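First chain written, first letter: the chains are A, B, C and D, and each begins at residue 1.
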Amino acid sequence: MAIKRYTRMEYGSPDEMVFGEARYPVSYGLGQTVGAGVVVPEINFAPRPGAEKNPESLRREYVDYITKDILDRAITLGFPAVQLENEHIFQMVNEPQRYEKPVVAGQKEMMQNYHDEYGIALSIRHTVADPRLAEEGLRVGMDKKHSYPEKCVESIEVAAENGADLLSIESTGGKEVADYAILRQDIRGWLFGIGYLGSIDMAWIWPQIVDIAKKNKVRAGGDTNCAGANTSMFMAGGYLDRDIPRTFAAVTRAIASAKTLVAWECGATGPDKDCGYEGPIVKAIAGKPTAQEGKNCQCAHADLMGNLIAQVCDLWSNESVEYHPEFGGSSVQCWLGSIGYEAALMNMAKQLKQDRLLRDLYMATDRYRSPEAFILAYDNAYKVGQAIVEYGNDIYLRSKAAGMTAARLIEEENKSGKLRLSKHEQDMLRKIITDLSALPEEEGRFQEMCLKAYKDVPLFNPKNYEL
Amino acid sequence: MLDLKSVNFDRVLRRYDIQMETKESPEELAARMVPKDPYLRKVVEDVVFMRSKNITEDVGSALKNYSPEEVIEHGLIKGMDVVGELYGRGIYYLPHVMVAAEVMDKGVKLCEFQMKGARETRGKVVMHVAEGDPHDIGKNIAAVLLKSNGYTVVDMGRDVSIQDVITTVENEKPAILTGTALMTTTMSAFPKISERLRERGINIPFICAGGAVNRAYVESYPMGVFAAKAIQGPALANKTMEGYDWRRLRENWDKLTAAKE
Amino acid sequence: MAIKRYTRMEYGSPDEMVFGEARYPVSYGLGQTVGAGVVVPEINFAPRPGAEKNPESLRREYVDYITKDILDRAITLGFPAVQLENEHIFQMVNEPQRYEKPVVAGQKEMMQNYHDEYGIALSIRHTVADPRLAEEGLRVGMDKKHSYPEKCVESIEVAAENGADLLSIESTGGKEVADYAILRQDIRGWLFGIGYLGSIDMAWIWPQIVDIAKKNKVRAGGDTNCAGANTSMFMAGGYLDRDIPRTFAAVTRAIASAKTLVAWECGATGPDKDCGYEGPIVKAIAGKPTAQEGKNCQCAHADLMGNLIAQVCDLWSNESVEYHPEFGGSSVQCWLGSIGYEAALMNMAKQLKQDRLLRDLYMATDRYRSPEAFILAYDNAYKVGQAIVEYGNDIYLRSKAAGMTAARLIEEENKSGKLRLSKHEQDMLRKIITDLSALPEEEGRFQEMCLKAYKDVPLFNPKNYEL
Amino acid sequence: MLDLKSVNFDRVLRRYDIQMETKESPEELAARMVPKDPYLRKVVEDVVFMRSKNITEDVGSALKNYSPEEVIEHGLIKGMDVVGELYGRGIYYLPHVMVAAEVMDKGVKLCEFQMKGARETRGKVVMHVAEGDPHDIGKNIAAVLLKSNGYTVVDMGRDVSIQDVITTVENEKPAILTGTALMTTTMSAFPKISERLRERGINIPFICAGGAVNRAYVESYPMGVFAAKAIQGPALANKTMEGYDWRRLRENWDKLTAAKE
C-alpha cells in the first residue's frame, strides 16, 4: 500500500478546528460515528493484578466485570454513546488464541446485547501490545527467540476477526535511541530515534494494520508516541519534578507528531489514540478525528494541560484505570461518569453553538501552564502542523521543522509574552535551538551522521530499519 | 439565560428509563401468577395491589374455606412472590414491596389468631449494623423482607458493639446472624465477630452486607456470606433452613442470588 | 443566640447568581477567601480500612499520607488554592482527645508549612460525625448509654481548638421518621421528619457550633441533608434503578433546603457542605457561599446532575474517596487533579467574563436529566427559594411550600416542556401533590396530626425535639 | 480566538516552579563541597560540570600526585556525591546526573588502567525488568547510578523470563538482584522469583521498583526490598555491602531512603 504524505493542511485556519467535529468523520461499531457533531467518551481500563492467571479469569475480569460495569453505568447516567478501549496485556499478544480471542469476542457479545436492548451507540478499540525488542529485531524473521514481530501482527488479526471495531497500537520503533537520548537531553538523538527511525518503523507496520482492518471491515485508528513524547512528558512532570526540563518535553512532542501522522498516511482513518497528546497537531494537518485525555484521566497521568487538551478532541478519554471498588461503584464506572459528563458538556456547547467559546476557555486555562501546553494550544498546534506539511514528503526535514517551530514559538512567547520558563528550561531551549540549527539540510547526510554517532547505543541495530 | 429551544437533547442525553418502560402491567403479570380459586385470588391481589383496607375481610372469607396455614401459604406468601417478581422486573419499586409486606403482615396476624398454636417461624435471624455505623436503611429493608418471608427477626439496630452481638447470639440462638456496614472504617468489626463466634463454637451463616463490603471481603473470614441486595436475604435464609451451611451458601452463591440482582 | 429567619431573597433575580461569587464572601484559614471571584477545589477523603486501628496509625494515614499527597499534587499542578475536608470517623467523636486532636493538629501544621513555603492558599473543613441515636436521645443528658450528644459537641470543640478552619456537621435530626417515610413514599411523614423535626434539631445544635467557632476565631460552615435528601437521591439512583421514583427524591430535596437553611439562620457563614445538593436553593436565599459536587465526585456518587450542580458553586468537591494507589498517583491526588482543573476552567471563565455562559452550559446539560436536576437548575432553585422566604418564619409552612413548588414545577414542565417522566414517576408526583394539598394550613395542627400519625414509628421520641 | 489580554492568570494557576527557583547556584554549592587540593578539585569539578573534554587531562595530572584509588575515591566519586546533592536539592536535573556519571566513568577507566590489578568492584548487581514488561527507562537510570557508584552491573534487559533470572543469579552469584515492573500484570513475577530463589537456598536482597509496585507489595514476599527512585539504589546497595540483609534493609528503609526522595 502506498503512503500518501500530507503536504497541505486540511483546515484553512486554526479557528476551523473544534471538539466533536472532524473534516473526515468515521463510522464503525454499533451505531457509532466519531467526529460528526458529538464528542464520545472513551473509557479505558486495566485488569486487577492476578486476573491474568489464566484465560478464563482474564476473560471474566474484562467481560463479566469491567465491560458489564461500564455498560450498566452508561445506561444509568443516560449517555447516548460510549467507546471502550482495551489495551492488551502481553499475555494476549503472546498467546492470542488462548488469551486474546475470548476477551475480544466476549466483550463484543455483551456490547451487542446492550446495543440491541437500549439502542446505545457502542464501539470498542483494541490497542494491541507491541512487544518487539529492538535487540532481537523488529522485523519478521529477525526475532528468532520470541517471534515478537509475527506475534504482534497475529494478535492484530485476532482482534480484528473477533470483534474489535477500531485497531490501534503504540508502536515502539526508534525508542531504543530516544531512550538513550532523553537521558542525555540530546535532541538530535531523539529526533533520529522518533522522527526518523520511528517513522520508518510505522511505515512498515501500519500498512499491515490497514490491510487487516480492510479485510475485516473494521477501522484502523491510529498510533501514539507514548514510548517517546509521553515518556518525556512524564519525566518532565509538574512543578515539583526535576527529572528533565519541560522545554525539552515540549519539543519532543512536536517532533512526535510527525511520526504519529504516519499511521494516517498509511491509510488509517482515525480516531487516533487518546494518549497521543500530539493529537491537535495531527488533526490540524489531516482533519481526522482525535482521541484526547486530560483532566479526567488523572487516574493515569497528571499532565499540565488538563483542560486545554480537550479543545479539539472527538473522543474524550480517561486513559486507563485499574479495576477496583470505590464508594461510587467500580473505578471504571467512576471515571466513565467523569468523562461522560464532560463529553455531555461539550455536546451541549455544540448544540448551543458555543463550542468555539468553550474550546477557547479550555485552551486559555492551561495555555501558560507549561511550554508543552503552549505549543499544543490549537493556534500553535496549527503552526507546527504547517511546518510539517511544508516538508511533508521528507520524514527527517518535517520532524526537524516541527521541533524547531515549537522551540521558536516557546522562545518568542517567553521573551515577550506570558509563558514563564525557569532558568534551566531556558538554557535547554537555547541548546535545543542551537543543536537543531546545526543539523544538515538533507536526509542522507543526517542519516549518515546519526548512524555514526549512535552506533554504540545499546540495543540499536540499523537492520531493524533496513538501514 | 441561554435559550434552549434549538437544542437537540438526544445528542446530550438519552432517557433509557422512559424508553424501557415495561409494557407488561402489574395487573397482567399478576393475572398470570395468581391462583384460580376466587378466595385465595382475592388475598393474593390484596397483597399485590396493597389493598390494606380489604385484607381483613378477604382473609376472613378465605379462612372460611381454607385452613390458616393454607391462606398464609397460597394466599399471602404467594402474593409476596408476585410482588418480588414485579420488583425484580423493574415494574414495582421498593416502596411497593414495603407496603405490600405490611399488608401481608396484617393478614398473617389474622390467620395466626385462628391457628391452634403460634404460627411456626421459618427460623430466627439476629440483625445488626456495625459499631459506629449509623447507616441502617438497608438493614431495615432487609428486615422487612425477612419478616414477610416468615422469619422471626431480632433487630439490634445500628451502632451495635461486638460484645452485644455475641451476647445476643448466645442468648437467642438464631439460625442466622446478619451484619450491615456502609463504612470501611466500621466493617472491620465483622471478622472480629466471626472470630469470637468461633471461639464459642458457634457456626452459623453470618450474612454481611452494606456498601462498604464486597464478596471478597466477606468471604475472607469464616461464616461470612455476602449479600448485595436486601432481596437476596430470603433466598439465602431459605437455603440455610434447608440445611446449607455457610460453606455451601458460598459455593452456590452465584446461583442463589442470580435472579435477585 | 437568636435565630434570624430569612424572609426575603438576597439575590434580586436568578441571573445574578453564578459560580465563584457570593453576596457574602468568607475568609478563613491560610489566605483563603471563598465566594469572592474564584472557585476553590475542595478535596475530601477517607482513610484505608484498618487505619483506625490506633491513634498513631490514623494520624499517619490522615497527615503523612493523605494531607502530604494532596499538598504535593496541588503544587505540582499549580493550583493557587485548595481546601481540604476531613469527614470524621466515629473513633474521632468517641475519643476526641486520643483520635481527633492529633489528626486535626497534624494536618494544620503540615498545611502551614506548605503555605509558608509556597504561598498557596489553604484551608481545612472538619466535618464532625453526628453519632446521636434517636432512640437513646438527641439532647444533652438524654443518652445515658453513650453520651453521644455531649461527645458530639466536645468533638466540635476539639476540632475548633486544634486547627479546623471551617466547622460542619451532617446533622441527623428527624431521620428516624424520614427513613420510615421514604420506604413508604409518604411525603407527609418525610416533611415532618426533615422539614419539621430536623429544623428543630438544627436550631438546637447550630447555635452551639456558631458559638464554638466564634470563641476560636474560626468559621461555622453549614449543614447538609445527607441523611434525608441524599438518601432519597441515592435510592432513586439512575436509569437502571427502581428503588424509589425520582419525582419523590426531587421533592424531598426541595423540602431539605428549608432545613439546611437553618444553620445559616443560626449565624453560620458558609460555605455550606458539598453534599448538600440543595446548595443552589439556599445560596439563592441567603447569598452565602456554597460547596457543590457532581461530575468530579463520581468516586463517591453517580448523580444525575454532574454538570448542572456546578452552576453556582463556590467550592467544587470530589465528595470523598478512599485513599489507595492509582496509576496516576494516590486516589486523592487523582481526584484533586480533576476538581482542580474544573475549578481552573471556571476561574478562567470568570476572568474572561464568560462565567454566566459556562454556568448556563453546565445547567443546560442536565436540566432534563432528572426531575431533581430540573428543580435545582438555578432559575427553578430560585423559585423554590422564593416559596421558602414567603413563609420564612414558619418552619412547617416553608418546608411545605418548598415541596409544593418543586412538585408543581415538575408537573408543569412534564406537561408542556421537555422533562419526561416515567408513568410511575408521574403517579408519584400526583400523589405527592394530593398529599401536600391535604395538609393543614397551620403548624400546630400539623404537629398534632403528625405526632399522632407517627407515634409508633420505631425510634421516634418527641422528647428529642422538646415536643 | 478569545482575547486573553484582560486575564489575571494568578487566579487560575500559579507557577510554583518559577517562584521556587533555587537561589544557590551549582557553582556555589560545589565550592562548599569540593576538596581544597587543586588536582583533586579539578577532577571533582570536571565531573560536576560535566567537562568530558577535560577529564582525561585532569585525571592524568591528579594521578601524578595521588594513587589511582585516591583519585577515584576523593576525586571522581566525590564529584558524583556533589552531583547527587545538586539533584536532591532540585538544582540539577536527571540528565545532568547521567552525563556526569559518564564523565566519571571515563575517569575511572583511566585510573584502572594505572592500577595493579583490576579495580575492586564494590559488588555485583544483577538487574532485570519483569517478563512481558517493556518499560526499562527507570531500570536503565538505576543501572547508570549503580555503575557510577562502583558496582558491577549485569543488565539482563527487559521482558526477562523468571527462569532466565534464576539461572543468571545462580551463575553470577550477585550480592543483589533487582527487578523493575511498571505493570500490575507483570509484577506478579517477583514473588515467584523470590520463591524459586528460596528453593535454591539463595538469600540476597531483591530490590524491586517501578510504577506498579509499592512498598507493601514488595515487602509481602521474602527478600523483597522496595525502591521508589533510582537514586535510592546506591544507598541500599552500600548498606548491603556493609552486611545488612534484606530484613535489616526493610527495618531501616525510612532512614536509608529519607534523603533520597
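Keep this in mind: a contact is a pair of C-beta atoms (placed from the backbone, for glycine too) under 8 Å apart; a residue touches a chain by one contact, two chains touch by 3 or more.
What you see is a predicted model, and the numbers here were worked out from it, not measured in a lab.
The fewest steps needed to get from chain B to chain C, moving only between touching chains, is 1. Taking the mean of C-alpha positions as each chain's centre, the chain lying farthest from the centre of chain A is B.
Here the spacing of chain A and chain D, counted between their Cα centres, is 31 Å.
Computed centre separation for the pair chain A/chain B is 50 angstrom, with centres defined by C-alpha atoms. Chain B and chain D have Cα centroids lying 60 Å from one another.
Residue positions 46, 75, 78, 239-240, 322, 327, 344, 347-348, 351-352, 354, 357, 360-361, 364-366, 369 of chain A are each in touch with at least two other chains. For chain B, residues touching at least two other chains, in rising order: 2, 4, 7, 9, 12-13, 15-16, 20.
Taken as a contact graph, with one node per protein chain and an edge wherever two chains touch, the assembly fits none of the named shapes, being neither a line, a ring, a star nor a complete graph. Two chains count as a pair here when they touch; such pairs are A-B, A-C, A-D, B-C, C-D.
On chain C, the positions that touch chain A within their shared complex are 46, 72-73, 75-78, 237-241, 294-302, 304, 306-307, 320-322, 324, 326-329, 331, 333-338, 341-342, 344-345, 347-349, 352, 354, 357-358, 360-362, 364-366, 369. Across the interface of their complex, chain C is touched by residues 2, 4, 6-16, 19-20, 211, 214 of chain D. On chain A, the positions that touch chain D within their shared complex are 14-15, 46-52, 89-91, 94, 130-131, 133, 135, 172, 179, 182-185, 231, 235, 239-240, 242-245, 322, 357, 360-361, 363-369, 379, 418, 420-424, 459.
The part of chain B that touches chain C in the complex is made up of residues 1-2, 4, 7, 9, 12-13, 15-18, 20-21, 87, 90, 92-95, 98-99, 131-134, 136-137, 140-141, 144, 157-159, 183-188. Residue ranges of chain A in contact with chain B, taken from their complex: 37-38, 75, 78-80, 117-120, 325, 327, 344, 347-348, 350-354.
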